[in-house]
């Protein structure tokens, strides 16, 4: 269909973005003081040993040449070798990517599950007690530092009540789900607050909109007016909000992954930055960037699907 | 027309009265914290960094309403002094992105064309760039502390403002009064900054309040990763992060600074909501 | 007539806001007979919509409620029905058509489904049957290809088609009463005529009653059986159409009829002779034209173009226009929406880039010497806009706004600015206190005067007014037109006056230019063009004006126009042409 | 019986012993591989490992090891040839992080399947201790060559008590009992899972909630609370960890011995032990930690006396001393010590400016000499004090642990002690070194602290020796 034509050419527009991200990451990580070789060798490092390692990983080459190699590798679908783990960065990422994706997807899903009913209740009782309650909850929801919230959830649900695992990541589907409940809840409590506010605002507008009046005027009961007319029309801003927040969300998973010991990319990234594992930082940054771009792409497709007026 | 108009002005006023509650509540909370920050030397019962080996981990009591931490420092005093830093974080962490974003967004939206394309691509890159990599790298480059944090926030934060303003600009520059201004021979700078910007900025002002909350939380997350302000300064995020080891033995170390963040965030949100309603901004 | 179908009795609606109670509708009583079309007229804010919404309990806010009176319909009082019973009435017995079809149709739902939705809900039929019924309705309201168009979205239709769909939605459950709230205000005259025709046809076919809300007496005269005139929530006059129009009792009704643009303008100052007197265009001494337009073309890239979108589709908004404007001329430009009037105006003032051709203002060619021409244009021309509110910066007071213009234009010494501002206000008939007010504290008419004052602040040779009265009530329209006429005379202005309302142009302008799809199809002296249109499009345009004289019936539109309209069904509101080929007019 | 789950901060990085210098890896190496010579539970004696006995030639240059008839996990015998391969590999492999430590090896040859002969270039008394490092774990030459280094590093052939069953990167290492281990009947556990739980709180809560059997690295602050839990057992084991304050001897007044002594006296180590270690640590007074070989218990302990310190500083002309203190960001105890020291030194009139930096960066700053003082810690990898002594006092390439401390007498003594074969003599030399270092205040010893691990009550014999090795072959899960 004509409206979906952008699916064909949009990916080309991502290339400069990806290129830009790669360049910035490359420069940024190398500006960080500290030396991966020394981190690797620890306290007992000698200058000779350090030089040896630097040579092995090509860190003694001029920067532009290193970047050139990086691009060349990238073109071949490689991202270099981790200094800390001594394996291919792509392989390393492959082992860590699934938990992060699952975490984000589940969190987003949960947030939507929380946000839509809350926003609906608030918007339909605008100015009433439920509305104020929802607004109170959602403003508080953004105020809690996630790591603190996480800890409280663990103490309550895992230690005191013992109904969900404290931390970690399971093996099979059900197990994973059980392990993901609290982490997702932590993220969702934050994210759904933002979503609820946005959804509520657009629902309030749509509930009073002409199209809702028109639907009522042809005798539709309030439930149909809400679910078939108001909700679809309120979704687009929320979808875009989610898409814009995805970068922030990915950042948020780092803390959550650390608290809940989820073996995802966020943890990998933090450890890589602290140990100056340049290749891994670059690799993860690229993957995150692609992820963000992909999510925005999906959001575009979703927007076009929801709202037939939108052309991209 | 005129009757209808006078009447709707009245509707506006009565709404304002209703919504003023939100605004006033927000202002009250923020005002309280600002007062705390300014009057800290007068109202804090103790020196926020004075250690007292005999008074370690004292639970809340009459002398120490919020208890003491593992160095025997008075938590209440630390929270009061911490207000200075946290308000500063919120303010500077928002002010620079706001300024940069506003100017760039205005220019980009107003001129359009190649300038706009360049800015939009830049924004794409920044949005796609993992924020944490940037934040951690900058902190690693410049050393942990507020300056690095501000720089990181400014490098990334402007994007939201630029986008908001740009969208507004795209609409406003086609408005009749903008066209009128062009036809009257006004200069671009005058049209952009005197005529369009004041009408475009309300949304950003409101957003900046929720942004302040995000900035505070980012600060707290950085503290959690151990890269917050330099000790022994009292900052709420750091206090929460440091107090975590005592979460089950001395809950008061984390609870009170944690609550301070929540309440301040709540104040910002309320203020932002109130402002939004008064300024007539749709979220 | 037997017992009325619907009887509004002493209906009173009040609003409680900020502790204060205001009566919006004050004891209004009107009856509606079976098969009758009732016209509800009155200026904006008079409470027309409020009455109709109260019939189906859809008042815009909880603070507004019916406090007295009754609405009797088939033996029960509609104001006392509970929500469930009301739902059966809404749509089932009373259908509503709204002013703005664009915002009242759900943009994300297929139009057919919006009709089928009501059918399924009220009649409990299966999905397939509902679809069939809805398709049938679509064809009844005149969609050329209902089977296919069932699956279209509202934005893929033109304004007129959307209004047809809206009517279809209202008809979906076979209502006994149709309420049409300004159903044609947003449409072009030609389309308006079709929609009104359609409403009358439906009435004839189905025998239902219609309440038609409008502010245009002409429409009422053409379509209704009886008229109710409202003002400030009070019913001023109610009676059969002819008796009200022929012998209005209330002074407001009298002035309403008098200020109707289709009234021969002679009622007030005998402008018939007046216009003939000052427009002996041919006998004027040959002077250089102030403005010369030569084969002007303005194209825009069609929206959504991008590097990869290839074909480079463009919209040709102005397509080879040539004309001359002499100093002191008053030229009216008319044409339906999208015909390129505004684009032409902006191109003249150097506000939009020219694709090709020339615009020469006072000897400076905009295409060849852009900087010099712009400098001249900025200091010697000014524009007045359609939407009085949107044209003023909401954050500046009227005084500041005028002072700023004076300062930037630098024609008045700094210490004279204050006095000049006051003079300008006097000139446009605004009290001086308005200098300290912001636009939102002004009424639409006052804002428009401020906008004119701003234009005058430049001390221009040429003023371009783009639909500057379209958004105003008739009575206020009249005032503004008079102001223009007055100013033109006093200051020797040259005026280009854009409007889609032909009647206004006829009153004000000596010469008229008719545009259609970016081309000028006809130009000449107003009287000649109106008396004797040479182009069928002009003729259609003129004949579509609802005349206040009920005996000048609305015409059935000539075929070419209708056929022409139907290609809007493809979803293209405006002719989109690929670079070179330009579609010719169906003459 | 059963599988032991252990929570730790970070996951392993590799299973190739020569390619890591991280503790997280070494712990698992010693579960999976065996070494020629082991350190015993007390951390003070060497005992036979895969070598059942050894002899050293008179000149201290030739070591002859007799191999035990042990097997790799794939069933093949562990031969002297494998041992020689191991030694040469750690010395020569270009990915080896340890080649410097084994440069002293001249040749390593298998005389026959059971006899390994190692010749050194120069005599070295600590050499035998270095063979106990997990990084020289004996690996199978055949397996390494057949699998290739990358595969081996992922899933090695074991020579120790357990084999790697699965490694879920970032999450856990799953070990399984090695039936071919030569002491297989000593091993009670069916398997071990090393699980990474980076957050201290979460790790503790996991044990409290019964989802982990053990958690290592218990923060001092949690010990008291965990001890109260009837389901838990807190295991406190002596370690060789010592925390000390590095001083940059090249910066201004710090070059003066008296100034450094004054600073030593201005620091209330007791308060640090109280506040930071919750009394679990002990005041330190020698760079050779308590409980390790040649520790000198009678070393000088300067009393806490801020007044006197102030006086001494004034005498030395450094009364308005201002110091730049590099603090490792993200390390709870480091930051706590910093806060305490800042206040204590203030009392002696020394103003301290805290500069928080990322740990990887602080190394660079120390090496560049961009600091005045900074707190670091050291734990021994080998039993012999030579390694640490050389690093701290031996004037090697690291400028005496970046302090830039210089004392040629000390330098010579360090070199001599390395060669001294008579234990008595050697001990006396190390005592002298400890005294001299204390007198010069090469750095300021702060405190010794134990290893603290917590287990569920049903776990027995979970134990860490002073060098950090876990003896999981003895651990029992009931």
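So that you can tell them apart, the chains are marked A, B, C and D in the order they are listed, and the count of residues begins at 1 in each.
Just so it is clear, a residue touches a chain if its C-beta (ideal position, glycine included) is under 8 Å from a C-beta of that chain, and two chains touch if they have at least 3 such contacts.
Per UniProt, the chains are A = ABC transporter permease; B = Nickel ABC transporter permease; C = ABC transporter ATP-binding protein.
Here the structure is a predicted model, which means the values were calculated and not measured.
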Touch-network distance, subunit C to subunit D, counted in steps: 2
Between the pairs B-D and A-D, the one where more C-beta pairs touch: A-D
Distance from the mean Cα position of subunit C to that of subunit B, given in whole angstrom: 46
Centroid distance [mean C-alpha coordinates] between subunit D and subunit A, Å: 39
Approximate Å spacing (C-alpha centroids) for the pair subunit A, subunit B: 22
Touching two or more other chains - residue numbers and ranges from subunit D: 201, 330, 358, 360-361
Shared-contact residues (touching 2 or more other chains) in subunit B: 140, 225, 244, 247-248
Pairs of chains, among all present, that meet the touch criterion: A-B, A-C, A-D, B-C, B-D
Touch list for subunit B against partner subunit A, complex: 18, 121-122, 124-125, 127-138, 140-141, 160, 210, 213-214, 217, 220-221, 224-225, 237, 240-241, 244, 247-248, 254, 258, 261-266, 269-270, 273, 282-283
Interfacial residue positions of subunit A with respect to subunit C in the complex: 5, 8-9, 12, 208-211, 213-221, 224, 228-229, 232-233, 306-309, 311-312
Subunit C - residues contacting subunit B, complex: 17-20, 22, 43-45, 232, 346, 349, 351, 375, 377-379, 381-383, 385-387, 390-396, 404-405, 408-409, 440-445, 451, 454, 458, 472-473, 476
Subunit C contact footprint on subunit B (complex, rising order): 1-5, 7, 9-11, 13-14, 17, 175-177, 179-187, 190, 195, 198-199
Touching residues on subunit D, where the partner in the complex is subunit A: 10-11, 13-14, 16, 19, 21-22, 94-95, 97, 99-101, 150, 153-154, 168-171, 195-199, 201-203, 205-206, 208-209, 211, 330, 358-361, 363-365, 376, 378, 387, 391, 396-398, 401
